[in-house]
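You will see two complexes here that share chain A, one where it goes with chain B and one where it goes with chain C.
And now, the complex of A and B:
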């Protein structure tokens, strides 16, 4: 993983925040995941424009008693797992949030 | 239900979140199925703008599972605009359609929009039988073609087979067809009353002997001995059981914006054209009444030996006249499954026995009078 990875939510997912957790379902195989409170913070901040390091520093470390180094390591494991399931996109440069779906001729 | 989904449902119940919504976009349809419970005339469907706003409201309220159905959903020219908006709001979407209007381009779009599954009703593997039920010649061939297109795109397809007198012996054929097409097979043994309460179509339901045969088919129910095991009667914790998800974590919205606990439970609970969806969900007296009912509150079912294991549908009970009463169709299913009559069936049999005596007495009296 690059020093400053950018993270963006895939558009081929279904997701909803439920209390302090998030349910995420992969559109490709319907596997359901739940993200805990901290993972939800990272998920919601994954706009493709903010580096993961900044999300951890500004969102996670300001709300939880954890060092930036430890939090970043955990966050990197999480985003790699999510990317492995096709739920998140990782990039070494900013990426536009893929909010648009592939166009098909109407 | 997986453990994870079970946890989510428990959490949604606790937080009073409508986890699932069934939204009918239209009641218009290009088929005229003999068992359909809908009035197909358009009485003022929600506009595209109204539906998109409703979808936004539902996403904000926490709805995750969204079933988009009808009528035939593709009868709406704005169907894909609505679907795209729904997917942008990250719903997990199941479509219910007859597939007739799904050509290659529509299959491409459904795939690109990441729909979770598409459910298509197939009543028989025999064209004459299926087409006689849909009243549309060639409909079986068209629906099968749509399934092939969707499957070629890797889309999860569910074939729903409603069991009726007319197709009672065809479910094995439909199941084999589903396997050949790579689709999931689902059998529904219940024809329900019309939404306006008309019970005329119930005579399409199969009889008890046919139900018994289905319930003893290992390929359909799994472990027959377990499935048909005699009930033990409800225990103390069963009495606090909620009847089903209707009104608790799920609800239904009609094409006209009416909110009901479920598509099979047409208790008017509000309209999204005059009240925000979340306010109806939280404050509707009707939904709150539905939520207050546990097995303990049902006079007949709480003392019935099937009380803890019955598949009682509160909507069918409501359509029968009392949402705290039994659903006779489910009583009949419990009987076909276990051979043990429910309290309701026992009472009905006793009533029919005593009324048959009354008829006899009246006949004798009238003949004396003559």
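And now, the complex of A and C:
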């Protein structure tokens, strides 16, 4: 994971924060995912410019009683799962995110 | 003038569901008559149509490719293909074409798809659910196959107007959501009444040993709704629109779980 420290939300999704959770739907196959509170924190911080390690350190560890090592390991598992479903992009360099959802029909 | 001769003189029929009049043209008057009978109660005024479809009838037994439905956006048109039909329509010109054999089942599917695609832009959707109006308010009963959609519709008391036992039509209007009647039916084989009313509540159906209503909390309601909303198109923008429509709806309309014994007493809880 250390070679791909940057994470970004895919633009091929629809997402909405509801309370402490986030619902994410894959736009390619309509699969629905629900992210819990911690996953939501990482999801919202995944701007493609901030390394995952920094997100964990500054967002997760400041709000939850967890060591940076354990939190990072959990976060790496999460982002790999999300990337596996096409919901998140992993990169070894900063990722430029499209500003809006691509328009494909009128 | 008999019904047959009246049908023979016209090559089109307007089917109006959810306030959207769609004109269907065909050279075969017998097929037009079949459609007039199939969509009785939803036949509109041919002078005011939102979309026009030309229907070309293929020889009996004609196959149109894969059995599974595909709905794709290509070069400004929606393309719809299934083993029993090929259809396409251009939302900009409001014109489309359907090729199928003589049956109303194929056209029924095309109409469901077209309404789903058009409703998504308005923040509405079609959902696997029965629905009924009682005391001026609409109730939606959603669930997967076997959950009891047709059963609860069949048990409806005489003062309830059944909108559908299969596919409910939800449309945002006047700052709220309305359920409107549809001719799309399931096991009940009965066309819904062409009425509309503000939606009071969505019940997620489950059959059980007793009648009870429980609140649905958190994201569970949205998840359940999304499982039952009709998603035909694997188009990214359509998926996003449908997702947002469902989430917005769930944020404004109560969603509850209705466990019921399949007898008429279940309706005593529905108020």
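Note that in this section the second predicted complex is superposed on the first by the 97 of 106 C-alpha atoms of A that agree within 3 Å, B and C clash if a C-alpha of one lies under 4 Å from a C-alpha of the other, contacts with A are read in each partner's own complex, and residues count from 1 in each chain.
Here is the rule we use: contacts are C-beta pairs under 8 Å (C-beta built on N, C-alpha and C of every residue); 3 or more make two chains touch, one makes a residue touch a chain.
Because the structure is a prediction, the values reported are computed rather than measured.
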Can A:23 be said to touch chain B (first), chain C (second), both, or neither?
-> both
Would you check which partner chain A:32 touches, where first means chain B only, second means chain C only, and both and neither mean what they say?
-> both
Contact residues of chain A, present in both the chain B and the chain C interface | 12, 14, 16, 18-19, 21, 23, 25, 27-28, 30, 32, 34, 101-106
Chain A residues touching chain B - in the complex, by the definition given at the top | 11-19, 21, 23, 25, 27-28, 30, 32, 34, 99, 101-106
Counting only contacts in the complex, chain B reaches chain A at residues 2, 4-5, 7-8, 11-12, 15, 17, 19, 59, 62-64, 80, 84, 87-88, 90-93, 105, 108-109, 112-117, 156
The answer for chain C against chain A in the complex is residues 73, 76, 78, 91-92, 218-219, 222-223, 226, 231, 234-240, 243-244, 247, 251
Can you list the residues on chain A that touch chain C in the complex?
-> 12, 14, 16, 18-19, 21, 23, 25-30, 32, 34, 101-106
